[in-house]
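The following block contains the structure, expressed as structure tokens.
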Amino acid sequence: MLYAAVAARSFRRFSTYRTATLAGIFTNSVFGVIYSYAYLALWHQRPDAGGYDATDAVTYVWIGQALLMTVALWGGGTTDDLADRIRTGDVAIDLYRPVSMVGWYLAGDLGRATYHVLTRGVAPTVLGLLLFRIALPGTTAAAVGFVVSLVLAVVTSFAIRFLVACSAFWLLDQTGVRTLSGVLAIFLSGMTLPLVIFPEPLRSIALALPWASYLQTPADIWLGHRAGTGIVSGIAVQALWIAVLLALCQVVLGAATRKVVVQGG
Amino acid sequence: MNLIDVRDLARTFVVRKRSGTFTRLRSEVRAVRDLTFAIEAGEMVGYIGPNGAGKSTTIKMLTGILVPTSGHLRVAGLEPSRERTELARRIGVVFGQRTTLWWDLPLRDSFELLQKIYRVEQARHRRNLDEYVELLDLGDLLDTPVRQLSLGQRMRGDITAALLHDPEILYLDEPTIGLDVVSKGRLREFLRTLNAERGTTLMLTTHDLQDIEALCDRVIVIDHGTAVFDGALEELQRRGESRRTLVVDLVDEAPPICVDGAETHRVEGPRQWLSFPAGASAAPIVAAVAAAYDVADLSIQEPDIEEVIREIYAGA
Amino acid sequence: MADLRAAPREYVWIARMWVRSSLAYPLSFWLLTLSSALITLLDFVGLALMFHTVSALGGFGLREVALLYGASGIGIGVADLVIGSVEQIGVHVRTGTLDSMLTRPVPLLVQICADRFAIRRLGRITQALAVFGYGAWWVDWTPSKCGVAALMVVSSCLIFFSFFVAFSCIQFWTLDSTEFANAFTYGGNTMTQYPMTIFPREVLKGLTFVVPVAFVNWYPCLYLLDRPDPFGMPPWFAVFSPVVAALTLTVAGLAWRTGVRHYTSTGS
């Protein structure tokens, strides 16, 4: 119940940035149009590249633009608040709160993601539908699987961003690590280019890493390239990474708490 | 000729308030109106008033940041908003709550940059820097990054930064806010010396009446965008006799305290508020209270500007 | 006028302060430098991976696309290095630093652009130069082509300059519209990394006559590559880039003046 309230408050907070949201939707749409034409040109040359057809490729572009902010690919979200509170020392208050700190920030980030998917996710998708031929999920399983996979994508990204923010416990300043992490996320999530058209062995390596969870896995479920057991196995891999990453968050937080307690911040 | 000349100055803002999802109400707010005053070279003037009275709007117009809606405005013979860059070389501005120094670099570096952008000759820069470093006791701090300075040290750095180009006028916005008593005293002392020796004209906005008492021969009170008082500090104090408050925490609850020279105007449990004239000494009252009651704690609240202004209205 | 002559010098003084400031946190400095090198590297890897899948995009091979990519990259790289910080107008308004800048005897644009100057952005320019060099290796150079190439690079920088300034000025009216400008600056860069032939005719017209990014590299490169214009635009467009640059600079200058005037007349 508490977490629901935290999520709701975070949703409302992000919904106050109206112009920023509109400007963001515009920019996502512009990039969506550019990449659509680029991919159409590519798939015109190789109509089966990566096992996708041209419609799949364009759909992938718009799913990517819709998830860019939702999954917070570049970083951002409630973990930026955390990094700020670590820098100022306010984090001591969070550490002594009788609720899980990871849970607290995660709930907030899910509230943010909900706002972003409803605005910066839906709007570009609708525009993409109007301008290009986009495939919608073919089956109920695909639609449900996509939603589940999307939630897991946000959680995975949250866990990584949380770890990045925690670097501020030792470095004071997260900007360097945050930018580096964003750069890796953009490339390894398949935002630059779908992971499925990467040459081997890069393709297999990228698909096994947690960043594949951000975009490639949900997109493949939406497009029907993962169906039946494929959906289950995709989601299982996402869940596995989440378990590992959240456990890591707890370990890092434990170490940070000891540091704060011993050194007084 | 007056250094600052303000006649019938007005500044209106258009405010749009969201009244529905897509509709907005447009209304005009007159932040400054019918403002008239003149300041001569060498004066030290306190510019005071409650929050939202139009203080910062006036300062923004005087420094050229904001264009007046109407009226006449000249600073050092220049029209601030049109000749802003020219004016910038002749004034210094210090905003108490934010620094213009480079956060991660030693003080010295900020000063050197300012020397260049204000084109101060090397000899004059050296002379000024030496003098201010001496007066403000910054010698050991010149090579410390600004982020490691205390608030008071940083404020001294900011004031030095604003003075290196020998401005004719120095605007200070809440220069003592957040400083401890010793730092406040030292700063006021410095500003007095600056005015006496260099003849720098000072205009300061503040919430601290003691700043005014220590520095300003003249006070302009602004309220609702216009000057409601312009004259000597004593005159202001006579008009709205300000009162200080003695807050007494008794060990037990008691009926309102009765002592000579003060009246109890508020009681809340064991805590009582006694007011007495600002000019009177607190010592006999404190002694009388302590002699007659079991006192747990005592504190004295200085009158704030807002209270004085309220008094002016009450007296008018 | 004395003020304008001193502007480059003043810019360098302020920029140097920020470079030294950024060295106060060495780890962050090096990580940011690494990130920025990695960004440009991976950006190019993305393009190379595309050409791993296909041999031509919109009828243009890797060598030709490298020329387009490099020319656009140099332009955005230089503009971003020199005046990219203009994106932060909204932040300066919100935090009040804009007011402090207005009380200094240095042109506001110089102060804002030199603010948070980041030397690491040189990485992008270096990468773009390398890619451009690779593309240029295969060009049959003639004196007139050298002239067109020189005009192209200068115009490319100036057009992106103008975009940064003009679209950032919107923030004088709506503070949090930074991303809107990105659609034209970084978006314009992404568009011009590809041959215009991947876009439909209407898009090309828009990119020629409305938001003229096609002049950043497309028209001059067609000349350098000895290619007839696939859309049948006049051949003299190849040397028209400087005129377009002058036009966009004028618009940006007007936008800047209007923006500052708006700020000083509303204070918000």
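Observations, loosely collected:
Read from first to last, the chains carry the letters A, B and C; within each, the first residue is number 1.
The definition used in the following text is that contacts are C-beta pairs under 8 Å (C-beta built on N, C-alpha and C of every residue); 3 or more make two chains touch, one makes a residue touch a chain.
Because the structure is a prediction, the values reported are computed rather than measured.
Taken as a contact graph, with one node per protein chain and an edge wherever two chains touch, the assembly forms an open path, each chain linked only to its neighbours along a line.
Of all chains shown, the one whose average CA position lies nearest the global CA mean is C.
Greatest Cα centroid separation from subunit A: this falls to B. Averaged Cα coordinates give subunit B a centre that lies 45 Å from the centre of subunit C. Between subunit A and subunit B the centroid-to-centroid distance comes to 49 Å (mean Cα coordinates, whole Å). Remark: subunit A and subunit C have CA centroids separated by 29 Å (rounded to whole angstrom). The set of subunit C residues touching two or more other chains comprises 25. Residue ranges on subunit A touching subunit C, taken from their complex, read 17, 19-20, 23-24, 26-27, 30-31, 33-35, 37-38, 40-42, 45-46, 49-50, 171-173, 175-177, 179-180, 182-184, 186-187, 192-193, 197-199. On the side of subunit C, the complex with subunit A involves touching residues 25, 27-32, 34-36, 38-39, 42-43, 45-46, 49-50, 52-58, 174-180, 182-183, 187, 190-191, 194, 197-200, 203. Across the interface of their complex, subunit C is touched by residues 13-14, 57, 60, 63-67, 81, 84-86, 88-89, 91, 93, 95, 98, 100, 102-105, 109-110, 113, 116-118, 145 of subunit B.
The touching residues of subunit C, counted against subunit B in their complex, run 3, 10, 13-14, 17, 20-22, 24-25, 95-97, 99-100, 102-107, 264-267.
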